[in-house]
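Two complexes follow with chain A in common, the first pairing it with chain B and the second with chain C.
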Partner chain A sequence: MITVEGLKKNYKINVKKGIFKREQQINEAVKGIDMQIKPGEIVGLLGLNGAGKTTTIKMLSTLIEPDGGKGDIDGMDLIKNAFEIKKIINMIAGGERMIYWRLTAKENLEYFGKLYNLPKKLLKNRIDELLSFVGLTEKMNVPVEQYSKGMKQRLQIARGLINDPKYIFMDEPTLGLDAPIAREVRKYTKKLARENGKGILLTSHYMNEIEELCDYVYIIDKGRKVMEGSPRDVISIAAKNTNKYIIRLESFSDKLKNNLDDFIKSVSSEYKIDNFDNAYDIEISSNKDIQSELITLLSANAKVLSFKVQEPNLEDAIIKLLEVS
Partner chain B sequence: MNSVLATMKRNFISQIRAYPIGFFMGNITTCFFIVMGSFFVYSIVFEKNVSADFIAYSNTSDYMSYVILGSLIYMFVVRTFLNVSRSFITEMREGTIDSLLIAPLNHIGYLCGNMLEQIITTTMEVFVALIISLPFGLKFQSVNITSALVCIIISLLSFFGMSVILCGVMVYLRDTYISQNTVFAIINLLCGIAFPIQYLPKWAQNISNLIPVTYSLKIMRNSVLSGMSIFNQRQDFIILLLQGVCYCIIGILLLKIIIKKVPERQFI
Partner chain C sequence: MAGKVFNSILAEAVKQYKSNYHSRMVYYSMLFWPILQLFASYYSYKPFENSKASNVISALVGKDKVFAFVIFGYMGYMFFGSFIQSAWRFSYERVSGTLELIYITPASRIGIMLGNALSSLLVSAWMFTVFCAGALIFFTDLKLKIYMLPVAILCLTIPAICWGVFLNTLFMFTRDSGLLFEVFQAPMEIFGGAKIPYQAFPFWGKLIGGIFPLTWSLIIIRKIFMNGATILNIKSELLVLILFCILLSILSKYLLVKAEKYARKTGNIAMF
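Entry: the complex of A and B
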């Protein structure tokens, strides 16, 4: 199990003040995070850009030494036993990095396998298995620079599994991928945890991905943890008062617009409207239950084609939480 | 050993795919122009005459062999610096540093792999450069092969140490161009590539004597042009060895800091 307590990281930055003068500033990237990841569990790490997600992942993956706090992986200390920890972890990041573009898929996996000192026969078998797992067997002898973005990402997944790690850190693994490929990556991720018992720490900006995959989430902002729990718990606690109404109207007159503006203002809510397919789609977000007043107002002024009350989702919960923090 | 051979193989494949001929030709051309420039200065400006000072300082009156050997050693220095010093910053730029450092990697082995690939490639280049240099007057009058080989081995150790130190500077400054070219210019000017260091002011000679390349050149020339044995050059060998060990120790200590700093430098 991965356990960290009060993990901290500061970056020293030299800021130019004139031509020769520089001033050192301290950027507190992570200000004391506690976390646990069990084998077979997918844990989400959420937050806005600059919240400290990547720094946290880099500390857990022994790439960066923490400045404070303590952490261990299966009883091994993050700093003292970094070399041993490296044998049971790996990282898969989004984008097209972390692999050598001039090498083929097979050469990449061979190289990384040798860095992990895998015996020759085991390495050969694992390369065959992984290339088949990510569907790159037919293209294994083509240099990576000729691959599509999705193929590179799939190779990254294979590279991240070359040492059969017990724990995997996935930093935006579906970043910039087309929907079908992103779905494939999600499928792999789920399989890795559920069937192969890997402990996975996942960061993503796609909240539906987190909701779909994660058993537990940590939400951080400006280097601090602001909430933790299962995605359902986070939604029910953080977005319990968030009501979202999705309405389709046949028409949207000026009179209705004025009445709706006044009403929305009076209940301190907000709405947006799209004209689509000869109809008007209205999305209203409110902290209050305004369903009955809304139906009365809209049906008196236009023909209501549909009216849906949408459950708040993780995205609503995160926005709410980060607004408060 | 796995990381040494794996990195060497990886580099060979990358080099061949990226620059099948270009990089090889580039290095040969640099050597060719240094030799040709020296040849014209020596033949036309100085009408193939060297001063008594030159003979006294260099133990030879064969200027062309002197300068060609200097250029060939310089090729080794440049290539070692280009391969080893730039290794981590290149990984940073190509986005592969995290996948490398997350592995239980033997960092010295990784750098040695880079160095080994460079030694093999540069040896081939030097061989071609030697053939090109023969018409310009390279003569092996009296060669002590043992002394020359031992000199190469100790020199490579010291070049490795210097390269690791430069690697740290490059990661710290996040620069390759200015750092490496400054070092190349200093070595070219101060270490006796094209002229004996005794022509330099005293303070510059003191700096020259701190750079292992100076002793590498001195020993190599004495071994290849004058046939001097290891015993006759024992003082220079000891200095070169001590410098090599010192640069390596500093480089390895610095490497520990570099490894910690490299992933952080991507954020700052």
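Entry: the complex of A and C
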């Protein structure tokens, strides 16, 4: 199990104050994070850009040394036993960097496998298994520079599994991928945890991905933990009063607009409207239950084609949480 | 432990080789460029022939040996140069993000550096062969004792690898590796004795030249090829060279540990 308590990291940053003058400032990237990741569990790490997600992942993957707090992976200390930890962890990042483009998929995997000192036969079998797992067997001898973005990402996954790690840190693994490929990556991720018992720490900007995959989430902001729990817990606590109404109207007159503006203002809510396919789609977010008033107001002024009340999701919860923090 | 180091060396050397010698054009160019370099060194010597500078050299190495002196100097310099290039090339790992992935593995760090340096061996060995063949054709009065050829090869290869690994470790500290490249390259070319004999420099020039293993490699190579030297004739220079190699190896190992510690502290590993 991965356990960290009060993990901290400060960076020194140079601020330009002139052509030759620099002023050194301290940026507290992570200000004391507690976290647990069990084998077979997918844990989400969420936050806005600059929240400290990548720094946390790099500390856990031994690439960066924490400045404070303590952490261990299966009883091994993050600082003292970094080389032992390296054998049981790996990292998968999104994007097209971090692989050798002039080498083939097989050559890339051979290289990284040898860095883990894997015996020849075991490495060969593992490469075959992984290439089949990510669906690259047929293209294994093609240089990576000729791969599509999705294929490169699948190779990244295979590379991240070459040492059969017990824990995997996935930093935006679906970044910039098309929907079907992102779905495939999600499928692999799920399989790794559920069938292969890997403990996974996942960061992503796609909330549906987190909701779909994660058993537990940590929400951080400006280097601090804001909340933790299962995605459902987070939604129910943070966004329990967030009501979203999706309404389709046949018309949207000036009179209706004025009435709606006044009503929305009176209940401190907000709305947006789109004109699409000869109809008007209105999305209203409110902290109050305004369903009956809305129906009365809208049906008196226009023909209501549909009216849906949408359950709050993780995205709403995080926005609310970060607004408060 | 030895297996881990060996696997790291092998993995890195094979990877660099496959990354850099990926097309036929590279091999075609290898057929031509050492020959072109050989001609270039010959014609850069030509205007120099019978000049005052040439007289200085001929007073030190013998009148009929000035051209051979220049050729072997050039070859040694090019040999070291290719190892320096390989060290410089490694800095691209930082840009492509793969340096992070290397550091995340438990691979032998010194093994990686050695493997990277060794990937240049093919080019260097080929260039050495072309220059040796050229020297045998051009100079009928070479006094090389054939059993000393392996010694000459080792005296070039091992210090060049140690130098390449050392530079590589320095490049691990900083992303501004181009500056280090310039800082070492030019003084080595001038004071390393590639074109002007080391003995011809004033004391301060000898001090600068003396810190480059190339200087000592060149003295040994020239003595072996041009004077028919045996081990006994080169023992003091050989001792200096061995000490250099040991010192560079210890320093590289120490700096590698320091560089990784520094990178973990500052997070500069991902900066490029």
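As a working rule, the second predicted complex is superposed on the first by the 325 of 325 C-alpha atoms of A that agree within 3 Å, B and C clash if a C-alpha of one lies under 4 Å from a C-alpha of the other, contacts with A are read in each partner's own complex, and residues count from 1 in each chain.
Everything that follows uses one rule, which is that a residue touches a chain if its C-beta (ideal position, glycine included) is under 8 Å from a C-beta of that chain, and two chains touch if they have at least 3 such contacts.
These numbers come from a predicted model, not from an experiment.
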Put the two structures on top of each other at chain A: do chain B and chain C fit, or clash? clash
Check the residue A:98 against both partner chains and state whether it touches chain B (first), chain C (second), both, or neither. both
Should A:214 be classified as contacting the first partner (chain B), the second (chain C), both, or neither? neither
Could you tell me if A:136 is touching chain B, chain C, both of them or neither one (first, second, both, neither)? neither
A:11 in the overlay: touching chain B, chain C, both, or neither? Say first, second, both or neither. both
Looking at the overlay, what does A:314 touch: chain B (first), chain C (second), both, or neither? neither
First (chain B), second (chain C), both or neither touched by A:112: both
Under the contact rule defined above, give the chain A residues that sit at the interface with chain B and also at the interface with chain C. 11-12, 55, 58, 61-65, 83-84, 86-87, 89-91, 93, 97-100, 102-103, 107, 110-112, 114-117, 143, 159, 163
Using the touch definition up top, name the residues of chain B that touch chain A in the complex. 2-3, 5-7, 9-10, 13-14, 17-18, 94-96, 98-105, 260, 263-264, 267-268
Going by the contact rule at the top, pick out the chain C residues touching chain A in the complex. 3-4, 7-8, 10-12, 14-15, 18-19, 22, 96-98, 100-107, 112, 261, 264-267, 269-270
Touching residues of chain A toward chain C in the complex: what are they? 9, 11-12, 55, 58, 61-65, 83-84, 86-87, 89-91, 93, 97-100, 102-103, 107, 110-112, 114-117, 143, 159, 163
Of chain A, residues touching chain B in the complex: 11-13, 29, 54-55, 58, 61-65, 83-84, 86-87, 89-91, 93, 95-103, 107, 110-112, 114-117, 143, 159, 163
